[in-house]
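Look at the two complexes coming up: chain A is in both, with chain B in one and chain C in the other.
Our next item is the complex of A and B:
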């Protein structure tokens, strides 16, 4: 692979990894706080899985940049400024109530299932192999979040109201899934990655139908004005501060 | 109740309980709570109230099971052989009632002398589909979980303390 494309692909992968890292961090905030013990454990598992996936993407990104993959991921995670993160805003929003976190997880998992399916067909073999491995685990995540959406949507008056409120808040941010990742155009033309816009089309159809069947009303609103991954909400800096505070106390510390 | 099989040649064993409003969520909870790290090839969930149990003491006092004509169905038979042992599958019988299933188990598995019999209708069990096995169980196999001993923190702190003492 040529140098320029290697750089482009590493930027793409780091953005993917940032999504996983930030979502994993939000999921981890449920540890000790989920409504029932079983879901507390489930969310801690999700968090660990997402952060594990982030690690795999960061490592491949580091490899493509010719960086040491044992140390470079930590530098990216602990020593970048919030503005340098390339995650989408959907994953950085505060965890909200449990309906909000569960629905966000579903919206994201459903998209990831499609993206990983496509990435596992990538012409770049190392990428395809990792995508296939992550996909196995993501199928389980999707099954979990998919199980809860109709149960809450069609559950009690309160669970329905909370799910509808969560959907109203999340839906505009979920439109950001359609936005291309860094370097996507060229990488897509080379058969290395799928087109986010095309995946979004499929996602949108499948997810809307599923949500309607779960008793929820899907508002077809116009997307957020700024879906670019370099713009963030006011919530990201606080999250990054939490995430990095220990590592930055002593940057030379050995873990 | 959650039952797990750790390998193709291993018996299915009871390993715990989860709360759930229905069978699908029980299955998902069972996976998250019990099999994320240990090996598993199969997972069963059974509503707690579908399991009929009899200890040796209860059996000694029990009325003979009513063998009156009722339709036979399949029952799984599990048994606990010591206080420490997990309740594990010993086989399957056909019977018209849970009580009759225990009697059938005693007759069929005459060589077994468990402390406790558990029987439940095969129809009450939700087993994972074989197509679901990969997403449910494979993650635990390739993950490396750091052993506590691999974290150098304790050794490092001790070294720092010793250094402090010398200074």
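Our next item is the complex of A and C:
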């Protein structure tokens, strides 16, 4: 692969990894706080998996940049400024109530399933292989979040109201899934990555139908004005501060 | 390019362990989270090959985020050094991805005997296999219900047996 394309692909992968890392961090905030023990276990596992997936993408990104993959991922995670993160805003929103976190997980998992299916067909073999690995693990995530959406949507008056409120808040941010990742246009033309817009169209159809069947109202709302991955909400700096505070106390420490 | 050949003097009387000896030693390294099975029968040791005086051991973690693989690496190094391997390098290889299809029958029987349902054989069709009933490792009943897609480690999920009323874990098919 030529140099410029390697560079572009590493940027793409680091953005994907940032999504996983930030979502994993939000999921981890449920550890010890979930409404029932089963879900405490589930969210702790979701967090662990997402952060593990982030690590795989960061490592591949490091390889493409000619960086040391044993140290570069930590540098990206612990020593970048919030403005340098390329995650979408959907994943950085505070965890909210449990309906909010569960629905966010579903919306993201459903999109990720489509993206990983496409990435596992990538013409760049190392990328395709890692996507295939992550895809089988993600199957369990989607099974989990997919089971809860109708259970809450069609459950009690309160669970329904909370799910509907969560959907109303999340839907505009979920439109950000359609936005291209860094370098996507050229990488897509080369058969390396899928088009986010095309995946979004499929996602939108499948997810909307599923939500309606779960008793929820999907309203067409205008997307966020700025869906670009370099713009973030006011919630990201606090999250990054939390995430990095220990590492920054002693940057030379060895764990 | 100048190739530099390093000759390390191996003390008189010492010899390199043979390939069967190496694999026998690796078969004595227990999985840190499920010590009843060893790393070889779990199917995570991909290769062990000499590169000069260094024995390179390649492992493929079960789950991407498996927190145990650093411990696994140091257990492998320790066990092989005790078997007389002067220098061990443990490498992690993620592809081809590990699958429960690589787990041996011996490992499956040990899991079953320990009350942990072994992963069902799936030949690549996970969705289908997850729809099929799971047998309780205690009483053998197929009258079981899924409690949680997640469990006490990334590789387990939780079921309850309706007949004997006991909860149990199953190794996730992957």
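Throughout what follows, the second predicted complex is superposed on the first by the 255 of 255 C-alpha atoms of A that agree within 3 Å, B and C clash if a C-alpha of one lies under 4 Å from a C-alpha of the other, contacts with A are read in each partner's own complex, and residues count from 1 in each chain.
Note that in this section a residue touches a chain if its C-beta (ideal position, glycine included) is under 8 Å from a C-beta of that chain, and two chains touch if they have at least 3 such contacts.
Note that the coordinates shown come from a computational prediction; the quantities given were computed from them, not determined experimentally.
Taken together in the superposed arrangement on chain A, chain B and chain C clash.
Of the two partner chains placed by superposition, only chain C is touched by A:56; chain B is not. In the superposition on chain A, contact of A:220 is made with neither chain B nor chain C.
In the superposition on chain A, A:130 makes contact with chain C only, not with chain B. Applying the stated contact rule after C-alpha superposition, one finds that A:151 touches chain B and leaves chain C untouched. Of the two partner chains, both chain B and chain C are touched by A:41.
Of the two partner chains placed by superposition, only chain B is touched by A:254; chain C is not.
Of the two partner chains, both chain B and chain C are touched by A:140. Steric collision with chain B, judged by C-alpha atoms after aligning on chain A, is confined to one stretch of chain C among 3-11, 39-47, 75-83 or 129-137, namely 129-137.
When the two complexes are laid over each other on chain A, chain A has residues 38, 41-42, 45, 49, 52, 133, 136-137, 139-140, 143-144 in contact with both chain B and chain C. Residue ranges on chain C touching chain A, taken from their complex, read 63-67, 94-97, 99, 126-127, 130, 147-152, 154, 157-158, 172, 174. Of all residues in chain B, only 18-21, 24-25, 28-29, 31-33, 36, 132, 134-136, 138-139, 142-143, 151-152, 156 touch chain A in the complex they form. Touching chain C in their complex are the following residues of chain A: 38, 41-42, 44-46, 48-49, 51-53, 55-56, 126, 129-130, 132-134, 136-137, 139-140, 143-144.
Interface residues of chain A, counted against chain B in their complex, comprise 36-39, 41-42, 45, 49, 52, 133, 136-137, 139-140, 143-144, 147-148, 151, 254-255.
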